[in-house]
Structure formats: structure tokens, C-alpha cells
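Scrolling down, you'll hit the structures one after another.
In what comes next, subunit A is part of two complexes: it sits with subunit B in the first one and with subunit C in the second one.
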Partner chain A sequence: MTASSVGSGHAPAVARGVKLRRGRGWRELEAWLYVLPGLAVFAVFIAYPITANIVASLFGPHGDVTMANYRQASGDAVFWTAMRNSAVWVVLCVVFEAAIGFVLALAIEMYIPRGRVVFRTLLFLPMVITPSVIALVFSTIYAPDYGLLFGVFDSVGLGGHFPAILGDPATATYGVIAVNVWQWSGFFVLMYCVGLTQIDRELLAAAAIDGAVGFARVRYVIWPLLYPVTTSLVVLGTIQALQQFPLIFLMTEGGPADSTQTLATYIFQTGFVLNEMHYASAVAVVLFVLSLALIVVQYRLGRERRAHA
Partner chain B sequence: MPRTSAGARLAAYLVLGIAAAISLVPTIYMFDISLRDATDSFSPLLIVPRVTFANWVAVLAQGNLTGFFVSSALVSVVTVALTLACVIGLSYAISRLKIRGGQVILLLVVSALLLPLASLLIPIAKLLELLGLTNNYLGLIGPETALGIPFGTVIVKAAMDDIPMALEEAARIDGAGSFAVLMRVVVPLISPSLIVVAIWQFLYSWNEFFLALVIMTKDAVKTLPLAPLYYQGPFMTDPGKLFAILTLIAIVPMAAYVVLQRWFVAGLMEGGVKG
Partner chain C sequence: MKTKACLLGVAATLLLVGASAGAPARAADPVVVTVWSWSPVTPTMNAMIAAIQKAHPDIQVKATIQPHPVYSVSLQAAVGSGNMPDIVGLSPGSETQQYREHLLNLSPVAEELWGKDWQKNFSPSLLSEARFGNPQGDANFYALPQEAQINNLWYNIPAFEKAGIAGPPKTVDELVADAKKLRAAGYMPFYQGAGTGTFDVWAYLLIASRIDVDSVVAGEQGAPIWTKPGMIEAAHVWQRMFTDDVFQPGALSALQYPTGANLFAAGRVGMIVLGSWWLQQTGLSELPGLKTMSDYGTFNFPAVGDHKGPEVFLGGVDVGWGITTNASSSPAVLAASKVVLKEFISGVGEQEALDELNDLPAFNGMTPSHAMPAHLTEVYDTYIKELATAHTHVIGNPVINQSLVSGLQAIGAKTMTPEAAMQAVQDTALAQQKAH
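Take a look at the complex of A and B:
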């Protein structure tokens, strides 16, 4: 781009110049050439699989059209465990990651004079570590008798009461969720930091004159201003929580006794371990519909809150 | 920044210090286990005073990890390049060339932002088998590119929307075709957003596990995220070596992020966080 080519209003020449070059048909065709690669990849690896998945879920093992896969799901106790766990995953991850992210971002952007880049970076680092590595490290941290957490319990004389977090069906899911929160909170911090830096400082100053200081400033000025960020993060966090696979697969394999199965791990279990592809497809459709529904609801809520803000 | 009291500042530093420690401790612990000799392997301490480099020497001498690294680098680099190409093309046609049906295309692509990979995995696996792409890098590159398109398009299209039309029209009058305008005017202007998409997509591809687990069953083509699973068995009783390998895998994206975070954050700030 050259500076001389910018500006100097010759609007009529623009229309003529463009029209002179080539016809309308060519320009339309040209535009399609640009979208072609993206649309092709999208069609093959997203649109087709979605359709194929829905179709497969409607077939029985002998090629008969049936709702049997969905009936099977409704009577399958493990499926309902997976549903419940997926719900727990979404709620706990989103709530904790957003809360931690908001508080820490506030501390970074509003309360410290130096070291912002350092904290943003340090807190984000867990995000970039390969989840399969994280899974093995945290399995060791949780390990009874020699793990780091056991060491902490032991050092305050509670070694004898150390719980086998991942071995107990009552706590295993929460143990894995904690790791997800550990990994993803830094992402929430960074996004809230970006949101905070874009708040108009004069607006804050004006609010302060109106008496919005301290907690009131956070609650009634900053938090509402960040609704758009929160909405995006809640949607992203929901998808991410529903997607989580490697942590569960490597830390508990869905066990003990299927107590940590989520829809994502159960699709793998039924489809690729038990080889019940049609049943797995039905579970996959449920996951797809569920995520779609959740996200539409969250967007609606986000918009409403913004409208009332 | 508004004025804050010394007490509030101190409290903020304290909270942030604790949070930063929590996010670093697992990495420090991982690294320390890689420096322990067999007698200390199962000590519940964060840091064991006795240090040995034997595990690292053994792991580096074996050199088995190179294959995993090469696979991951290849898949990630190609995936990032293809994703950028697809995303730029889509955004350009929709935002600047005003393709007919552009809004429909955008809605279609963006709605896939909400798709969990798990709900696509079975048909993708079957399709790749049909195409003979199981155990082939393209079997990862294709789906990963597709899954990167929705997020990338949201970011890049928004960035392109912010470019004043007059800039392009001026270039057109100078005789530039649409591709020249794209490369010389549009791409340089949206480079901060492109960097965000590239870094995000690289991290996603570099760390992708689920798809790789299903598609890459032959050891020769496995990517890095599968390496822990591969070494977990043989090194079950030898955590020092296993953790040297884990550290080696983790250190690459961590170092890369420390170097690149400036551009990543700058790109996010420039693009804003759109609701």
C-alpha cells in the first residue's frame, strides 16, 4: 500500500474504475474462488460428519431404521452418569474459571503498578502445556503415599487421612475437574485483562465521582461493562468442558466403575472400545444437541443482561 | 490506573503471587522428578535435594522422541498454514468482496464454533479409513484445519470489517486485482489478528490428543501428545525417565509462548474481545 493512493476523494472514478475492469459475473466467480478451499474443508470434515452421525444414530446393526439407539441410551445407567458428569463439568469449570479469572485480572489491571506482563504470562502458561503431560503429572500429584498432595497432608500431620481422590467414585470427577480449572483459569485471566484494558478510564473516573468506589465500583461498573467478555468466556468454557477428553481418559479412564464418564469419554468408550458405533453416534447426537441448546440459552441470557445493564 | 492504597496493592501482590505459584508448581514438580535418582523417585517432596542428570542423559541418548517431534511439527505447521489460507479466503469474500449468500456462509461456519469434536469423531474416523488416510498426517491436518476455521473466521472477518473500503478502492484504481489488494493492503492491516489465529491454532494442533489417539495407531506417525501414553508402560517403575520426557514435551510450547506472548496479547487487544 502506498500513502499516495489513499484518500483524495475521487469516488465517481472508483465505481467506473472497478466496473471497467471486469464484469459482474467474473467478480462473483472470483469471490467463490476465495471461499472454495475453506468451504471444501468445512464440508468434508464438519458438515458431512455431522450429517453422517445423525444418520448413523438412526440405524440398527442390521441396517434397519430405528430409534432403538436412543431408547438404549434412555435406559443406560452409564449414559445418565455421563450426562450428569458433563453437567457438573460445565457448571464447575465455568463458574470457577470465570470467578478466578475475573478476580485475578482485576488484581493485575487495577491494583498493581508493576509486573502485569509477568503475571499474565505466568498464569497463562498452564494453557499451553500438552494435556496428556498434565494428566500424568497430576496423577502423580494425587497419588496416595508418595504424591505431592500427600506430602502436603503429611507435613501437617494428616498423612493418615489422605484420600485416594481419583480412586474414590465420590471424588474422582472433582479431582479431574480441578485440573481443568487449573489449566484454563489463566485463559480467563488473560481475556478479562484484555477486556479491562479496554474500559474507558474516564468512565471509571466519572463513576468514582458518583460514589462508585471500592467494591461498588467493581460490582456496579466494571462487572457489567465486562458482560460481553463474560458471555464469550462462558460459551467457550462450556464447549471446552464438554470437550475434555485427555485428562479423564489418562487420569481415570472413566472409572472407577464408570463414575467419571462424561459424554465425550463415553462416546469413545462405546464407539472405539466396545465398537458399538451406532449407539455411540446416538450419544454423540445428544452431546451435539446439548451443547447447541446450552450455548443458545447462554447467548440469550448474555444479551438480556447486557440490555438491562 | 486509579490510585490504590498500599494495603490493597500488597493484598493484590499476595493473591497473584499465590496464584502464580499454583500455576507453576506442577511444572517445577515434573522437572524435579526428572532430576531424581531411583531411590528418591517416590518421595512426596516438591524438590528433592539430591540431583542427577542420568535420566536426561538416558532419554536424550535414546533419541526416540525425535519421530514424535517431527510428526507434531509437520502437522502443526501445515495445519496453521492451511487454516490461515482458508480463513483469509472466507473472510475476504464475505467481508470485502461481498459474495452473494455471504451471511449464510458465515452463519454456517460460525455455528460450528459450538461443535464438540467428540460428536464428529466417529464419522471422521470412518471417512479417513475410507480415504486411506488413517496413520497419515493428512488425517490430522484435514480435520484440525476444519475445526480451526470457525474461530479463525470470527476473528479475521471482524478485523477485515474494520478496514475502510476506501483503502482498497484506491488500490484497485491503481490497477491492482483482488488478489493483489488482499496481499498488499488487507493482509498487512490485519496481521495482529492473523497472529492470534496462528498462535491459537498452533497450540491446538500441537496439543491435540483425541483425534490423534484414534487416527494415529502406528508408532512411526504418532504425534507428541501420544508420547506420554507410549512411554507410560515401559517407564512405569522408572518415573525419572518418564518425567524427563514429559518435561521435554512441555517445555517447547511453554518457551514458545513466553517468546510470542507479546504479539498474542497485542493481537487480542487490537481485535478486542467481541461478545
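Take a look at the complex of A and C:
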């Protein structure tokens, strides 16, 4: 390599290689710099709390490292009630919200020629109301003796048969789930509406020519095309159902007799009411693992279904 | 040009320095004392702060009042982040014990504020409750009571008159009969927010104390007494409140606050478990019957069966105050916090709270400074007399407390018999005794 050959712009291969590697290195560094803030937020607000929680769950009340919290959970009847209720919440919320969301979205997009925006907005409105207000209003609606529903029953002579929905361990959970479904169905409607507007109309026309009309069109054409939307909604719905706290706490405080406890409310009760933070951490770890497992399963099932579609 | 600008800058700086040097010195900023609590209610706290700041212009009090569940979470978070306020409101028992390592020992502070004999200013039961849950051998005070309360039953006088009932029931059978009359007259006979655990426990303890108050007191301190005959009998009486339609339908889904309190204030309820703090409605409501309490009266839970012993009163600390170790990081803040504590408990702050009838004073000798209507005075004086001999109303161990709540709700829901429910509470008490 001579000075003149370097100065003339025809840099030898070695020099060019060094310059290229430096360029790529800088670009990589630049990319990391852009990603770093997000990673920092993830580390501080997600990774660290999860790790700290797992560590806390492995400590007993006297500072000893132990699996006692998990053993306590395995023998705790209220914990298993909370697990069962969490599963019920996931299944019922996701199924009903998806069904109601899909049917209403279909009706809006396919059969309502005008005013779709109005319908979408009205159905989405419950989502923007504060959960505490919803809880208070529906507690009053459900109230025997003076609630709105009781008034309806009473007006047809059935006042004496009106059930105490939130006061009966057999019905309380379903009463709160119904409120949650009412609140969240609008979100599912909106997402399905977006999915439906993205379906190529020519495809539907072609399907109609081939004889796929009415329910057959929905079952064999529209529903399969909405698998990605459904998968995402099922995941979001699962997370929301597992996380639900304000409605349950404000409507029933987990009662009567712990019958409406879910993992989320039980974590609050054990941590902040019973001051058993380590045990609460263990329950929180169980909730975390359960949520992760459900989401992984749902994504895998969704992926397989798309592959076979 | 540059030189001119520099010279101008220097001149301006010199002028500013000279002006500030010649200006009179600013008054020292007031010392800020932060206070967190769930009680008293915000209007009362604002009045207390205004009075304290008027008496001590060198102190500024910044208070945050939140609903108790939110307050519990906020305080836990503050401990974790090292940002505890200077003064915290505390319930006796588990709440005080939970934060004990972050609180100053108030025994020397109390001596400093009220002298060596400071304990004679509080009733022994309140001081005993303030130390509830202290480890063996620890006689320190980590919180001192500002206000006390008595738990009992309130009744709507016009509702009773309309239902043809002469006065509060004296026996459980009379209570059941009166409930029928009130229902026939169109009222909710006895509103129980059975979805609110605290009021379930209070109702049960009121019943049980009419039968076996010694066991009640022992159980509150953690002794496994829940399957004693008196406690089982009390559970059966509790069950009767549901099966004999004394409580309103759907009681298990009802909340004492805000629904029960609102319905009672609206005159739709015959009887309800509340306490001395209900007197604060005189300042919060414009309804004549509430402003003077002329439409409302109090009574203790009626006698149960053959247990005809003297009335027993349940009550204790409503809110206590602790000074946190955070306050001691600054001598000025610590000194100001002690002043605020004194004013909260025995000074202008407590006087404001008393004048609003927020609750009963824990400090002996304090009374509302304004005249009250005769009926209100009678109720208030009765409460003060009862406070002197009241037994505590708090179950010190939150795990046992929660077990009792679940058991009582299960009895009401008929998913457990009284015997099974009390056995479950007993098992919890035994397990807690073993664990500690």
C-alpha cells in the first residue's frame, strides 16, 4: 500500500474492509442506542419487578429461603377457589365477548348501510367509563329490594322471586362476569369491524358465486379470514380476564365467603389486607406462569390454524 | 462591541448582587409536615389543618386523605420507595405492627408533650389497644390515639313510630318481631352491608359480647376460643338474622358504605350497625333530622336468650397517629411533627374534629366547644360514659379476622353451618398461634 494509492481514492482492499467494518459497527451501535430506552423501561418496570416478585415468593415470614409459600397455596382452599374462578373468568369472558363482538360486528359491517360509526361508538362507550362507576351502578342494578332489575321483576309480579345475584355464592361470580362482558364486548366489536373491513369484497362476491351465502359464507369464508384478529382478541381477552380487579373488589370484595375471589383479588387480599407479602408474591408467580402458559398455547393453536387454513 | 456587552453584563450583575444584599431578609419558609391517613374525612382534616397553621404559622401541614384500601396500598408503596410521610394515620393492631420498624417510639415523645404522667390522659383500654400486637416485652407506643369510637346500633325513630314500635328491642325475639313490623311499614328493617367484612365482624362481636365477653376479648388477642359454646351460640344468632329476615334480602351483596349509610340517612332503614362516628352527619348533612340527630337514636345489641348480664360496650381506637422515622431525618421536621401530633390529639386540631363531631375524643377532658341540642347531647354523653368501660372491638390478627369474615358470610349464604364456620375460624386461630 502506498500513500499515493490511498490518496487517489483507490483504497486497497484491506483499508476498504476496515472502513466497512467500522461503518457496520457504528450502525449496530446506533441501533442499540435507539433500542436502549425501550429496553431500560422493560428492564426497570417489567423484568425487575417480576424477578423481585419471584425472589420474594421464595422467602418465608422469618427471612428464610423456603418453598413454604407454594406449599401453603397447594393446601389453601381459597387459593383453589381463586384458581377455579380465574379459569371460569377466562373461558366465559373470552367466549361471550368474542361471540357478541363477532355477531354485532357482522351485523354492523354487513347489514347496516348507514350510521356504522354511531353504532361502533355507542358499543365502545362502556370501555371508557371508569370501572368504579360501573361497579357502583351495577351493584345498584342488581340490588334486591330496590334495584332496577328487581323493579322489572316486581312489575310483573315476580318481586318475591328475584335472586340476590351478588349475595349468593352460586351466582355472584357470574353476575360480575356479565358486567365485564358488557364492558368489554365493545372492544371486540371494534376489532372485528376493522377485520371485516379488510376482507376483500371481491372474495366475498366470488364465494357467493360458488354458493357460499348466508351462514355458510360466515362459517367458511369470513370466520377463517378473521383468525388473526380472533387470536389477538383471545389473548387480550385472557389477559384482561385474569387481571380484572376493580369490578370484583368493588362489587363483592371477593365475597360472599370468598366465592368470587380470583387470583388477582386474592393477591391483593393476602398482600395488603392480611400483610402476607411473601405468600402474595407466590400467588402472583402462579398467576404469571398461568398467564404465560395460556398465551403460548393460544398463539400456537392460532398459528396451527392459520397454517392449515 | 463585545467589550461593551461584557461591561454591561458585569454592571447588571453587580446591581443585582447589591440589590439583594440591601433587601430585607425573607421570612423563613414554614416547615412542611406531610400527613397521610384515611380518616378523618377531608373537610374535617382541612379544618384541623387550618386551625393548626393559624396557631403555628411556622408550620405547614400537607395532608393526603384516601379511602382505606387505597391508603393501605399507598403506604406499602411508600415504604418500598423510602418516601413515607412524616405522620401516618394507623388502626391499632396489625396495621400499626406492620409499619412498626418505620415508626418512632412515641413513649418519650408523649412524655415530652404531656409530662411524665401522660398516660392518665387516655383511658386504659385505648392505650392497651394502641399497643395491640406489640412483641412480647415491647411496651412502647408506636401510635397514639386521636379519636375513639363505640360500635353499636342506630335506629330511625320516625320509622319505629310509624311501625308502632315503642322503642329499641330488648331481646333477640323482640328484634325479630320488630323487623317484621318495620318491613310491613315499608322499611328495610335492619340494613346489614354483609359484603363489608368489617361490619360483619362488628355485628358478630356485638352479639357474642352479650353472651361471653371474656371469650370475645381473648379471641381478639389471638386465643383459640371460637368453638366455645358462647361463640357458637352467637353464630346461630347471626344466622337467625338471615333466616328470620331481619337483614334485608341480598345482604351478602350489600356494602355498608356508601349504600347502607346513604339509605339510613335517607330514612329508608329501621336499624343498622354503625357507631359514634355517625354523629359527624350533623355537620355533613342538611337534613333537619340528621343535623340535630332528632330522628335517630342508639342502642346496644339486645340480650341473647338467657344471658341477661349487664350491657357490655365495644369500641376502641378509631384513628391513631404515628411519627415515621422519615420525620427524624430533619430536626426541624421532627420538632414540627411533634407539635402537629400534639395538636391532632389534644390541641386545636382535635378541637376542630370534636366540634364537627367526627368521633369521640381519645384524650380525656376534651369536649365540643359549641352547645348541642338536648337529644344530641344525651347521645354524645352516653357514648363518653360507654367509652370509659368499653372493650376493644378489633381482632388483632388479620388472618383470623378474615377467616371470621369468610365464616360469617358462609353462614349467611347457608354454605356452612354455624358450627362448621366457627370450627374453620378456630382452625385458623390455632394455626396462627402455632406459626407465631
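Convention: the second predicted complex is superposed on the first by the 275 of 309 C-alpha atoms of A that agree within 3 Å, B and C clash if a C-alpha of one lies under 4 Å from a C-alpha of the other, contacts with A are read in each partner's own complex, and residues count from 1 in each chain.
Just so we're on the same page, a contact is a pair of C-beta atoms (placed from the backbone, for glycine too) under 8 Å apart; a residue touches a chain by one contact, two chains touch by 3 or more.
Treat the numbers as computed from the prediction; the structure is a model and nothing was measured.
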Clash or fit, subunit B versus subunit C on superposed subunit A: clash
First (subunit B), second (subunit C), both or neither touched by A:215: neither
Touching partner for A:27 - first (subunit B), second (subunit C), both, neither: first
Touched partner set for A:272, first subunit B, second subunit C, both or neither: both
Dominant contact partner of subunit A by residue count, subunit C or subunit B: B
Which of subunit B and subunit C A:50 touches, first, second, both or neither: first
Which superposed partner A:253 touches (first subunit B, second subunit C, both, neither): second
Clash-bearing segment of subunit C relative to subunit B, given 37-45, 55-63, 73-81 or 127-135: 73-81
Intersection of subunit A interface sets (partners subunit B, subunit C): 140, 145-146, 249, 271-272
Residue ranges of subunit C touching subunit A (in the complex, touch as defined): 69, 72-73, 76, 94, 98, 188, 194-197, 248-255, 259, 268, 398-399, 402, 405-407, 409-410, 412-413, 415-416, 435
Subunit B-facing residues of subunit A, complex: 1-2, 5-7, 10, 13-14, 17-18, 21, 27-28, 30-32, 34-39, 41-42, 44-50, 52-53, 56, 100, 103-104, 107-113, 115, 117, 119-138, 140-141, 145-148, 150-151, 154, 182, 185-186, 190-191, 194-195, 197-198, 204-205, 208, 227-229, 231-232, 235, 239, 242-243, 245-246, 249-250, 263-264, 267-268, 271-272, 277, 280-281, 284-285, 287-288, 291-292, 295, 302, 306
Subunit B residues touching subunit A - in the complex, by the definition given at the top: 1-2, 4, 8-9, 11-13, 15-16, 19-20, 22-27, 29-30, 33, 42-46, 82, 85-87, 89-90, 92-94, 97-100, 105, 108-109, 112-127, 142-143, 145-147, 149, 153, 166-167, 169-174, 177-178, 184-185, 188, 203, 206-207, 209-210, 213-214, 224-229, 232, 239, 242-243, 246, 249-250, 253-254, 256-258, 261, 265, 268-269, 272-275
Residues of subunit A that touch subunit C when the two form their complex: 61, 78, 139-140, 142-146, 162, 164-169, 172, 249, 251-253, 255-259, 269, 271-276
